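Note that the chains are named A, B, C and D in the order they appear, and that numbering of residues resets to 1 at the start of each chain.
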Amino acid sequence: GGGGDDAATGGGEPVEGGTLVYATGDAEPTCLDPHVGGNYPQALISTQYLEPLVGRDAAGEIQPWLATDWEVSEDGLTWDLTLADGITFTDGTPLDAEAVKVNIEHLQDPDTASSTGYLGVRKIEEVEPVDTTHVRFHLSEPDSALLESLSMQWTAMQSPAGIARGQDENCAAPIGTGPFVVAEWVPQQHVVLERNEDYATHGPEADHDGPAHLERIEWRFLPDPATRGAALQSGEVHVIDNPEPQAVVSAEAGEEITHIDAPRPGSVNRIELNSSQPPFDDARVRQAFVYSADVDPGIEALYQGVATRSHSPLSSVEPMGYSDPSLFVTDLEEAERLLEDAGWDEVDAEGYRVRDGERLTVRFPVSTNQSVAAEQALFEQVQANTGRVGFEVVLTPLDLSAWYGALAAPEDGGENTYEAVSAPYTKVGPDVLRTLYHSDGTVPAPSGYFANLSQVTDPEIDALLDEAARLTDPGRRAELYEEAQRRVLEGYYILPLYDQQNHFLTRGVEGVTTLGTVSTPTFVNARLTS
Amino acid sequence: MSAVLDVAGLTVAFPGVGEVLGGVDLRLEAGRCLAVVGESGAGKSVLARSLVGLAGEGGAPARVRAERLTVAGQDVLGADERQWRALRGEQVGLVLQDALQSLDPLRTVGAEVGESLAVRGVGRAERHERVLAALAAAGLDEPATRAAQRSDELSGGMRQRALIASAIVSGPALLVADEPTTALDATVARGVLEMLGRLRDAGTAILLVSHDLGAVARLADDVVALDGGRVVESGPADVVLTRPAHDVTRALLAAVPRGSRPPVGEPGPEVLRATGLHRRYRLPGGGGVDALDDVSLVVRRGEAVGVVGESGSGKSTLARMLVAAEQPDAGRVELAGEPWSELPERRRRPRRHLVRLVPQDPLGSFDPRWSAGRVLRAAIRASGSDRTPAELLELVRLPPATLGRRPRALSGGQRQRLAIARALAADPDVLVLDEPVSALDVTVQAAILELLVELQERTGTALLLVSHDLAVVRQVCHAVVVMQDGRVVEEGPVDRVWAEPRADLTRALLAAAAAVPDA
Amino acid sequence: MTATTTRAERTWTRRAWQVLGPGGVVSAAVVALVLLAALWPQLLAPGDPTAVAPAEAYQPPGAGALLGTDASGRDVYTRVVHGAGQSLGVGALATAIGLSLGVVLGFGAALGPRWLDALLSRVIEVLFALPSLVLALLLVAVLGAGVGPSVISVGLATAPGYARILRARAQAVAQSAYVGAARLEGVWAPTTFVRHVLPNTVWPLVAVATLGVGQAIVWVSALSYLGLGALPPSPEWGAMLNAGRLHITTSWWLTVAPGLAITVTAAALTMLGRRLSAVAPS
Amino acid sequence: MTVLRWLLGRLAAAALVAWVVATVVFFALRSAGGDPSEAILGGPGSQASPEAVAGVREEYSLDEPLVVQYLLQLGRTVTFQLGDSYARRRPVSELVGDQLTGTLVLAALGLLLAWVIALAVATAAVLARGRVARRAVGLLRGAEVVASVMPHFWLGAVLIAVFAGGLGWLPATSSDSSLRSLLLPAVTLAVPVAGFLGQVMRDGLEEAHAAPFATTSRARGASEGRVLWRHSLRHAALPAIALSGWAFGSLLSGAVVVETLFGRPGLGRLLIDATHSRDVPVVIGVVLVIALGYVVVMSVADVLERVVDPRLRGRVEAVGSAPQGQVVS
């Protein structure tokens, strides 16, 4: 679930006020406005000062937030949203229909280069302010995922006056309606967030009226996981993210530290197999890879119960997720047979399979920024395990730029330079399937980047996902998504591993919860314990 | 009068080395000078250091025992470090053997000389006064300037004097001076000795360690001869130096260069002729120095020519020019009647075997990684001669076992012989030797000089010998050239020059070189 | 027969003892052991360093696994032994690169004409001014992560040091009295270079290089920390050390084993280098 | 006059360094793959529209031939116009300026600590009397060697685990310039350098302590302490000062690791981030500042050496013994 497990922290009376120190292992954003670019670190921090139009609860139900009500027309092309009355941004600018229009246009402005947010609102053709509290969206085609998109931090509402200051200034201190306000940003050191004394827009997680208990949050950037753990232990910081699995295990065993498990929504963590070119253009080879990977013992040993094996393309928090464990067995003999069938029937001196003089090589670029140590160790195990049936997996750790470079579409119709990859993708709702497995997703952006990295181009899947995106009937949508997921799984395009891990450890603080959208923590209820 | 120094049964041993001094007895009174003589390694320096409680310096800690050890009136037998410290500098001054490195190059001479005062908390102003006085007493000109300079800005002689100044600045009762005149010009050495004489006359007891019997004869009242750490002879100087009782003392005396060579009968053909050589060196910070100024000279076959002069007079520069290690600014050198100095190196190379240099520092001139055998083989190959290394060793009286040894493993005398052997590999017409014996023990020096004379008589090779020691030149050479400030101030047959020196410098040099009384 | 052998052996060991001292002999022994592990790892650890067994992950040192097992259940002892080759190779290769570049720069500057000396001295200075890790970051950005770029960058970074030593040394030898003596004997300059300058310059450098190998191993391991080092699943010590570092409080053996391997090897090489340079004729 | 020449030489070195850095970094990063326009448009993997990309390319002259771009960059670098960061949209000079002091303070403190440790070890080694003390010194020698080969990241991790995580005495993170927060990172940086300096200093000290001038000083009644402070130490300090220039470079390299480890802002971290996002102007800026800083430190070391050793003061580059032409009379 999206909520935190609110086990009482060891002793200590909760107190009002004080400064909470949060240490994040994620990269420091280059811009605090999540409209610009739009990655998870931005969502994390902007949760404290920006709020979206709608929220989502633990069960995946959309809940009112800045918008109190919404209605969709029969044809699904017109949406009417009602905004809460009398709301202002922290700079005093009113949150009205005009402001929503400015925000959507800001997201669609090429200058902001918004990625996730842009994908979410791309079907909105026009925003029509009806009156102060009513706004109407005109869509180019029906979009059943619109509310889910609008619930994400990447589409959160900002003060139009703030946006008007220009990107450079807005990046330094975006202005929203959240419980905190950006007070200071010292790059590479910290962002200081001060309490919003006039806080009035309580979202689904808020448990009390009025401003937050904390007076201030110091948001620190601490890339080294061991240092983060030590800092939490020594009481220098109250909350850390991205802990090592072992730290989670020892936290659970002890009293002092509380663990919050908040798996991200949307896609699961998986290994994607590039089906556009040999050897994985042959389903049998993909299946052989999956049959020989044998990741269960590894996940168990490396994560020690912190992560649970998944057999679905979707996160366990997605109600429409479909799972089929029977497809992901370990069967080396079958794997060998499949490979023989596919023509990989010779073995070279080093024990790798060969066909027509070509080795069965799987190039696997690994992003050192996005895969934690345990995950990299798991990939090493996959490398060793698939090696037993003759795959040569070449793991290449790369920095983010180089990693994107390795995944980018070749310039002039040449080959891709990867056969397998694990790329995280966070988006609320099952519509993430359309981003990841629709053939549209193989069309690269000008930078060469594309989201459908397994390069699934199945017309049936395309049809199912398009249809599901248009419908609003939950039952029918669920059926369609299930069928699409079944096809993805049965095609062995991916090897699902576990939910996108999102853990927080806290010490000396209570009342930390996570939003039901992209599982970012909110400190609206948090209180330090003495 | 009570003894300033009274030592009995002094024994010093080093772990792994054994006894270096064995039961030495000494007695020295104020206003007198006791000389300690002996061959290299006899233990003279260890003795000198023991008297200030620093026997073990620079090596393993020493074990010192004695029956009686009274220094400057204090019994220091079993004294601890603090007692010694109170004594050092105040009551005893020590002048170490390595004079050139005994002043800290990073501090001013004034600070160094005044240190023993500073240690005792003497105020700055008074210290300065006394430093200047000591420098003046040590015979340094312009004491104030010297005090502000650093040791590397001083010449060797100046350093030696500054060091003595630092030892006498607090007016010690006893001055221990270890080889205070080695590496000094005859004239400079004489100055230092005179200064020590004045100190002695003023009441300081002086313990003089020296291998230079001339210096001993000039200064010492009594002499102690050491051999293998034991006193083998002692007595009044005039007795020991004229009627030595022990073999070692006798050998030391015999080794002092004496006498002269008979003139060459028939002067051979010219092998080397230098005409009007000029060489000017630029100095850092502008200006220059004329190392050679219109120098001419002729060397004939079968003849030995000596070059003497004060330090810095251009002797080495001349030697290097003759072997074409350096080019003259003006003037020329002819080799066996043919052009030499003005040829390009390429044309000179085939005739290089005709002239050979034996450098002042033989150790530096050997590749440290090469064995003696390899050195000789390379020399033979380079000159295209048909000698064998064994033959060459035989020529310089070195045992064949030397072949396999590296230069570092040879003694100073052996190295010098090896250098000469290497030069002889080419059967050169002329052999140029730059200070071949200045670094050697008197006994070893005598052996080398003898070898040179004998060699020349056998092979007829012309010799050009550079030396600061007139006695050496007199013993080996037929003719002599006296240099001063890059100029030749006198030249002529040795006998004539000794008998009737014409230049002032020659007279001064001859006067300075004190003769040791004949045995 | 046996008696003579033992006597020969005894004098041989005594000589080594005399030349190297106790510290040097121990260092030499350690280096020999590491060399053995590098050349024939199977001899010391017959297992497969990459064989995974997740069920046996995080075993502490004991009877089953001498130095425990890592996150994937791989035997740490086996990996440390098999990592010797790569780590030592990395150190040696980086040093070789540094040395060869240093030789070119140093000899060029010392023996070439004045303008070349001025030029190369500047090059040396500039190389000095780019700290090794900065160079490494750039190179890795160009060539991608892996041992290759790390080795090259560490090599490049160490080159100016060698060049400087070489330049000074070569100049000293070239101006030495024995080179002068050879010239006066009429020996051709290139011959002198080969006979005197080269051996007397390079030999002291061997000692410095031994020292450098240890340093290079440490530097390459630092690159592993930044995620720029050896590729998985290679048991390169720096990579192991970095992977184990995260478990320092829970599974100490994961850092201690490769950490000791690096420090002991580097320290032994350093010590040996220092001993060698103390005994090298100079 | 010599001072002027020396200064000119240093300036020439600085200009050369600037040129080389600009060239190396430019070509390195441009051949590294990854498009700078991406960095400009919100980081790698951005899905900017073609128009946006085109606009950026035009704005930053990325569509010019590489040589033209290089010359443009060169022109800017050599005139010290560092330009704006691609990713952070702020002037590089500002970014670097913000981080400069933090790193300098850290490196300076590291160097200072290293000197203190090295000095302490070296003096202890020379002054040790008696059996036990000499044993201990023997152990110290080993410790020096081990210290000199300690990888920063490992040492730092151990220090954090012990002093922050375990004992809780010192903070695990370092964010400001207070001594408390600087201590662990500075020690991490200092230990390996101290190991090196210690070895060099001890060698020098032992040599100087046995030199004739030290004996002479003792013969004047000076105590061991006086011999050490007034004589030996200055001699031993000379090679260590010369090495300090190098050590500073090594400290800056170490800072890259240490800043990441302790979450400390600084040039090192800025550099890593910028390299990862192909932020060419920032990388050039940082490398340039580091390299120039190095030139400055070397110059300071040069001056210091001359202060300690007056013999070097008069030294000018080999004033010739070269013959002034061949005159045959």
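To be clear about the criterion, a residue touches a chain if its C-beta (ideal position, glycine included) is under 8 Å from a C-beta of that chain, and two chains touch if they have at least 3 such contacts.
Remember, it's a predicted structure, so these values are computed and weren't measured experimentally.
S.K.: Could you see whether B-C or A-D has the larger number of C-beta contact pairs?
M.R.: Ranking B-C and A-D by C-beta contacts puts A-D first.
S.K.: Just the number, please: Cα centre separation of chain B and chain D in whole Å.
M.R.: 48
S.K.: What's the distance between the Cα centroids of chain A and chain D, rounded to whole Å?
M.R.: Those two chain centres are 40 Å apart.
S.K.: Any idea how many Å lie between the Cα centroids of chain C and chain D?
M.R.: It comes to 22 Å between the two C-alpha centres.
S.K.: Two or more other chains touching the same residue: where does that happen in chain A?
M.R.: In chain A, residues 226, 229, 399, 401-402 touch at least two other chains, as defined above.
S.K.: Any chance you could list the residues of chain C touching two or more other chains?
M.R.: 141, 245, 248-249
S.K.: Would you mind listing the residues of chain D that make contact with two or more other chains?
M.R.: 32, 157, 161, 165, 260, 275, 278
S.K.: Provide the full list of chain pairs in touch.
M.R.: Here the touching chain pairs work out to A-C, A-D, B-C, B-D, C-D.
S.K.: How about chain D: which of its residues touch chain A in the complex?
M.R.: Residue positions touching the partner: 32-35, 37-39, 41-53, 55, 87-90, 95, 98-99, 157, 160-161, 164-165, 168, 171-173, 175, 260-263, 265-266, 269-270, 273, 275-278.
S.K.: Under the stated contact criterion, what part of chain A meets chain C in this complex?
M.R.: Spelled out, the residues of chain A in touch with chain C are 225-226, 229, 244, 246, 250, 297-298, 300-302, 368, 373-374, 376-377, 379-381, 383-385, 394-399, 401-402.
S.K.: Any idea which chain B residues touch chain C in the complex?
M.R.: By the definition above, chain B touches chain C via 323-325, 348-350, 352-353, 356-357, 359, 361, 364-369, 378-379, 382-383, 406, 408, 422, 426.
S.K.: Which bits of chain B are touching chain D when the two form their complex?
M.R.: 49, 52, 54, 57-58, 85-90, 92-94, 96, 98, 101-107, 112, 115-116, 119-120, 150, 152, 163, 166-167, 275-276, 278, 281-285, 326-327, 329-332, 342
S.K.: Of all residues in chain C, which touch chain D in the complex?
M.R.: 23, 122, 125-126, 128-134, 137-139, 141-142, 161, 214-215, 217-218, 221-222, 225-226, 238, 241-242, 245, 248-249, 255, 259, 262-263, 266-267, 270-271, 274
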